[in-house]
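Okay, so subunit A shows up in both of these, paired with subunit B first and subunit C after.
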Partner chain A sequence: MAKKIKKVARFWPLYLMLLPGTIYLIINNYIPMTGIVVAFKQYNLRDGLYFSPNIGLKNFEFLFRTNDAWLITRNTILYNLVFIVLGAVLAITVAIILNEIRIKAAKQAYQTVILIPHLISMVVVSYLAFAFLSDGNGFLNKTVLPMFGIDPISWYNAPQYWPFILVLINIWKGIGYSCILYYATICGIDHSLYEAAVVDGANRWQQVWNITLPCLKSTIIILTLMNLGNIFRSDFGLFYQVPMNSGPLQNVTSTIDTYVYRGLMQTNNIGMSSAAGVYQSVVGFILVISANLVVRKVDESSALF
Partner chain B sequence: MKQTMKRLSALLLVAALLALTLGACGGNDKPASSGTNSGGNSSTPVSNTGDDNNSESKGNDGEIVTLKVWGFTNAAPNADQINAVAEAASEITRKELGVEIEMTRNFDPEKMNLAMASGEAWDLFNIHSFPGGIQALVTNGYASPLDDLLAEYGQGILERQPEAVRAGSTIDGVLYAIPNNADSARAAGFAMNKAVLDELGIDPAGIKTWDDVHDVLVKVKEGRSDLYPLVPSWSNGGMQEVIPYHNFGAGGAVLEDVFTDSTEVVNLYATDAYREFCERMYQWNKEGLIMPDSTTTTDNMLMQTVGFADYENIKPGKEIEIKKAWGIDAVLVELTPPYMQNAGGGWCIPESSQHKELAMQLWNLMWTNEELSNILINGVEGTHWEWKDENKDIIVAPEGIDTTGSSGYESLDWAWPNCRITAVWDGGDPEQWDKLQEFCDNARISPANGFVFNTTSVMNEVTACNNVVTKYNVGLRWGELNPDETIPTFIAELEASGINTIIEECQTQLDAYLASK
Partner chain C sequence: MVEKKHGFQIFAHVIMIFIAFCSVAPFILLLSSSFTDDAALSVYGYSFFPPKFSTDAYDYLFTSSSAIFNAYGISAIVTVCGTICNLTLTTLYAYPLSRKDLPGRYFFAFFLFFTMLFSGGLVPSYIMWTQTFHIRNTLFALLIPNLLMSAFNVIMMRTYFTSNIPDAVIEAARIDGAGEFRILVGIVLPMATPILATLCLLVGLAYWNDWQNGLYYLTDNKLFSIQVLLQNIQRSLDALKQSAQAGGSVNVSTADLPSNSVRMAITVMGVLPIMIIYPFLQRFFVKGIAIGAVKG
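For the complex of A and B:
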């Protein structure tokens, strides 16, 4: 114990630096958590958050007692799995390619161009997509398709294309950011490893396979674990704004978030919308914990905690 | 690993300590805020006898009370203009009630929801397009009961408004909102650009039926290829309703036709009227009469730019309203005669208001004081409007001033408590307000007028049905989906989602309501 106190005394500036972030986290993330009770209540402002009548799990029913329960769960999970896997593969590929570029100015230019979409709001992205896909004036229907002699396609009424469009947009938008994380790890890899490999006669591909990827392993695991926690959530902008809330697309664009929004925006039920949030968080929490357990079993040093 | 655990536990310890300190702070805060709360609620009733109440409406420290008013606008709100108007209005309210006004205007349902859900202390709140309507305001406990306040401070309102208009804002015998003294009834049909009709030599008087409208749209398509003959009323396939059903606001449960005496609740999307409408629109769409992208467009004022006609609510004075908003002369084609189903809309006093008595007095003043009402609706004299003549009953926009709200102050008469005591805009009918009164008085009243459906017990079904409706409704209405194929699927999905349970519950409640009347 005395040793511990001594340690704290010795490193006190570090603990002090930790303080603002911790306070922020508590105020912003932990205190509001008590509001979770609203998911189990028939909320009304007069009685307030904590004193509205309790109704048990009734708020959760609407998520399961609908024919769409399967559809929205399937869409949410499948899209997220594709985003996680494809996103990681492409981001790593781009990071490795970036690392191979030797001219500094070119490297920075590429990095900036790849990152820009991440900084654009989803609402703006939806207009960009609309410029391509609009029935009457879209770039695809007016310019690209006629070049190949294909009839115009009514994109916002054609659900079969949207899984690809959504994946494309999500990857295009997200790749810059996740690629930076991988790229930073790659930059941190000890150069002597590569030098040794060159001495041993390894070609570029063998270097990537035997040095870069193994060194990236823990970053990949951490990022994937964190993404798994959000597997029951979806980017509302991507699934609601980008398809312009078009009805005929709903079978492929409806996720838990958009379902809750569409269903409850008109009835304004705070308890039920909170219940959906709680459900998503609890499932995400369980997934992260269990995935981490598995990772720890396989390779303890890579586990998140 | 052990190392990390230790660090983690240290972190948790710090976190716990902090939580305690902060918790203590929170503890200190609470009594203070609840103190002001109770102080506000128990404030002594203020008498409404003119100037001598100044002392009572002032707070303990002699500050003048500021009432926060939330108005509605269709345009993007312009804070500077709104503040200027609030200041001009405050001059009157300071004199009459000893209070000042702070004002905002907004049209965004999510912002409204946030303002209410966060318990922000608004004193008067325009509930137009509030998500979930009066039902949500009441079940969430957002709106205060008004009966006592109205009886005590609302004489001006009681004198001017028939009780039937308030029936739809009364839930379980308690009044929660008061509709505006505007268009409690509506007719519906098309608005068409007059300049285009003139150019093509079409006589507006000859347009009476759906077929006439069709012929006009075809002529416009041929004669003015730069215009879309029919455009949405607002973004994402917005459409003013032309099918005269009584809507209970729950997934499609309606009375099919308010012009009959039937009180049988049915599924709107399974009615003949809906099917015929969708078939007609499908046909028009195939003929190229409807703007492409109409269900996905994000533009709100298409008539101003690329459109010739749209679906509109119709009432006396609508022409000048369109002229003000879009700057075009319109011809109105009425296809659905005037009717009233739960007048609705209007204003409420939020439960979070700390000056409910004063808010009611201000509300009453808005109903009775011509000058105040005129300022709130039309803006500041000289800046936003000026008198056309000496008589001071007609107003015009000053040179170079825009009335559409994009740069100025949007004049939206029906969104304020009492437009009928304000000046008429130049170009409008001087008798406009009397004609509006007559229009409302002669409108058909829905047999279910006054009934508000309590959806609490069928919430799961309503949520599921709302999702099905968003999937098909807009596409069908704009003729993008083939009704022959889609409507049967639509109905089947609605039934699987429990529309019949909703209808049954609605019918039970409606019958009980009618029996008790």
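For the complex of A and C:
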């Protein structure tokens, strides 16, 4: 026993190094985790997070009795599904095309440029979108639509267009990043495979179909599963900031994250807001764990744990 | 055959040029709008070529508005301090995790990893930061919540340590009598500059681009970073529009709000540093993403 303590004690400087990070994790992550009890309470400022009166599952009952619960779940999941499928298909296509290009400098230049949208914040994206969509001055209303003789559209009051707009913006912002992810994998494919295929007389399309895609298979599966695990989370900036928090759009732009934020900061409905937060955390946790279990079945070395 | 190969190359270039154009087109629109005369802008709208060129928006920003400089200063301070603190915490947590002989390292690894799987969500965090730590309207609000250390980055760095720094090197240094901190600073870190550079960029970008902490915890406009300032201008415009729609008396005066071209000029200022730095450090960004690809 004493020997064991001595052995551990020898490492004290390393434990000291771990200390600041551990404290930060406790404060930033673990204390809020215990704070989910607030969803089972009638929160008031005086009694605080832990000592407000218990009301059991009332908050959840209220939440799931409203239409909102269904709406925000539907929006979050459907948008994510479209993002995942369309995003992966487009990113892989672009990565394969990029890989085919033979001029090194051009390849480098394309890579550099398509990554630019990934580097800016959603607030900036919302201004870029506004330049196109603004009612009075937008590029679409002032320049594009008149060319076709179409009357101006009040974009921020027209929910029917927003599913397309949001998907477009998400793809625009994310494609460079995921394209480079796939491109890195393609670069790692053994070149002798292609040489052998050329000797056997395979054309370019056959090479892509029989070599590139099969080699990408595990990356595609893993990234997709990980994204499916995160299907209950949404990009707050995309769904709150880009539609400019516009009321008429809320049926198609509300996700769980925007609902939690609005409940907390705008409508002051902390009970339902925290219930939605716990709903997201718990279901999200289950999904991530299951996704990882499946990944481990597919390819053990790629599993997160 | 040669002809056909050529055709495909052209096709590939056309596709890539189209995608590259789509990636930058909105920025061109933004830049052009910021250089457009405000009166011309309300006639022709935002367009890709200024119908009437004018630098009024920038003149206004540089002469009659101190808000933008203040916001720039805040953004710079937060980005520099935040990145330094973040990298310190990340390194100090990642290095012990990479030591295979450390008892209890699995516990600390799991302790870190679990934060990626489960979170308490916004409500408890918000209540804790505002009620317990009184972070509202302090600079700490932009520095500390969520951004100070990311589990993903720690794992990335630990993986780099374990795969690039041989145990024998550390063992040899210990036999020579070096303490653990000496080993970390004198031997491990000089060998880890590529990962430090990559993380420095990723973290710096995260701090520069963050606006959510500002949205949650700041109301004092002296503390607004450039992103928070942009967000807040938007919010005031929304409020204006909503109260105008409701037909009520308008409390927010339009005179306080920047004109169309000035708003675009502020946005340009918000992305400018990134656009200037990015071409030089592009390979580090790509490397960072590629590392992420290896470890899901």
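As a convention for this text, the second predicted complex is superposed on the first by the 211 of 305 C-alpha atoms of A that agree within 3 Å, B and C clash if a C-alpha of one lies under 4 Å from a C-alpha of the other, contacts with A are read in each partner's own complex, and residues count from 1 in each chain.
Everything below uses one rule, namely that contacts are C-beta pairs under 8 Å (C-beta built on N, C-alpha and C of every residue); 3 or more make two chains touch, one makes a residue touch a chain.
Predicted model only: the values in this text are computed from it and were never measured.
Trainee: Applying the document's definition of touch, where does A:Gly136 land relative to subunit B and subunit C: first, second, both, or neither?
Mentor: In the superposition, A:Gly136 contacts both subunit B and subunit C.
Trainee: Please work out whether A:Gln266 is in contact with subunit B alone, subunit C alone, both, or neither, and reply first, second, both or neither.
Mentor: Only subunit B; A:Gln266 stays clear of subunit C.
Trainee: If you stack the two complexes on chain A, which partner ends up touching A:Tyr15: first (subunit B), second (subunit C), both, or neither?
Mentor: both
Trainee: Between subunit B (first) and subunit C (second), which, if any, makes contact with A:Leu81: first, second, both or neither?
Mentor: neither
Trainee: Would you mind checking which one, subunit B or subunit C, touches more residues on subunit A?
Mentor: Ranking subunit B and subunit C by residues of subunit A touched puts C first.
Trainee: Which partner does A:Ile31 reach: the first (subunit B), the second (subunit C), both, or neither?
Mentor: In the superposed model, A:Ile31 contacts both subunit B and subunit C.
Trainee: Look at A:Ser154 in the shared chain and tell me whether it touches subunit B only, subunit C only, both, or neither; answer first, second, both or neither.
Mentor: The first partner, subunit B, only.
Trainee: State whether A:Phe62 touches subunit B only (first), subunit C only (second), both chains, or neither.
Mentor: After superposing on A, A:Phe62 lies in contact with subunit B but is clear of subunit C.
Trainee: So, does A:Arg46 touch the first partner subunit B, the second partner subunit C, both, or neither?
Mentor: first
Trainee: For A:Gln250, is the partner it touches subunit B (first), subunit C (second), both, or none of the two (neither)?
Mentor: first
Trainee: Could you tell me which stretches of subunit A are touched by subunit B in one complex and by subunit C in the other?
Mentor: 8, 15, 18, 22, 25, 27, 30-31, 43, 45, 127, 134, 136-137, 244-247, 264-265, 270, 305
Trainee: List the residues on subunit B that touch subunit A in their complex, please.
Mentor: Contacts found on subunit B: 1, 4, 6, 8, 10-11, 14-15, 18-19, 22, 26, 109, 113, 116-117, 119, 130-132, 135-136, 139-142, 236, 249, 291-293, 295-296, 298, 351-352, 455, 459-460, 462-464, 466-467, 470-475, 480-481, 493, 496-497.
Trainee: Considering the complex alone, what residue numbers of subunit A touch subunit C?
Mentor: Subunit A reaches subunit C through residues 7-8, 11, 13-15, 17-18, 20-22, 24-25, 27-36, 38-39, 43, 45, 48-49, 94, 97-98, 100-102, 106, 109-117, 119-124, 126-129, 131-132, 134, 136-139, 141-143, 172, 175-177, 180-182, 184-185, 204, 219, 222-223, 226, 236-237, 241, 244-247, 257, 260-261, 264-265, 270, 273-274, 277-278, 280-281, 284-285, 288-289, 295, 302, 304-305.
Trainee: Taking the touch rule as given, give the residues of subunit C at its contact with subunit A in the complex, in rising order.
Mentor: 8-9, 12-13, 15-17, 19-20, 22-24, 26-27, 29-30, 33, 41-42, 44-48, 88-90, 92-93, 95-96, 99, 101-104, 108, 111-113, 115-128, 131, 144-146, 148-149, 154, 179-181, 184, 205, 209-212, 216, 227, 230-231, 234-235, 238, 242, 260, 263-264, 267, 270-271, 274-275, 278-279, 282, 285-286, 289-290, 292-294, 296
Trainee: Going by the contact rule at the top, pick out the subunit A residues touching subunit B in the complex.
Mentor: Touch residues, subunit A against subunit B: 4, 8, 15, 18-19, 22-23, 25-27, 30-31, 43-47, 61-62, 65-68, 127, 130, 134-137, 154, 156-157, 244-248, 250-251, 254, 259, 262-270, 272, 300, 305.
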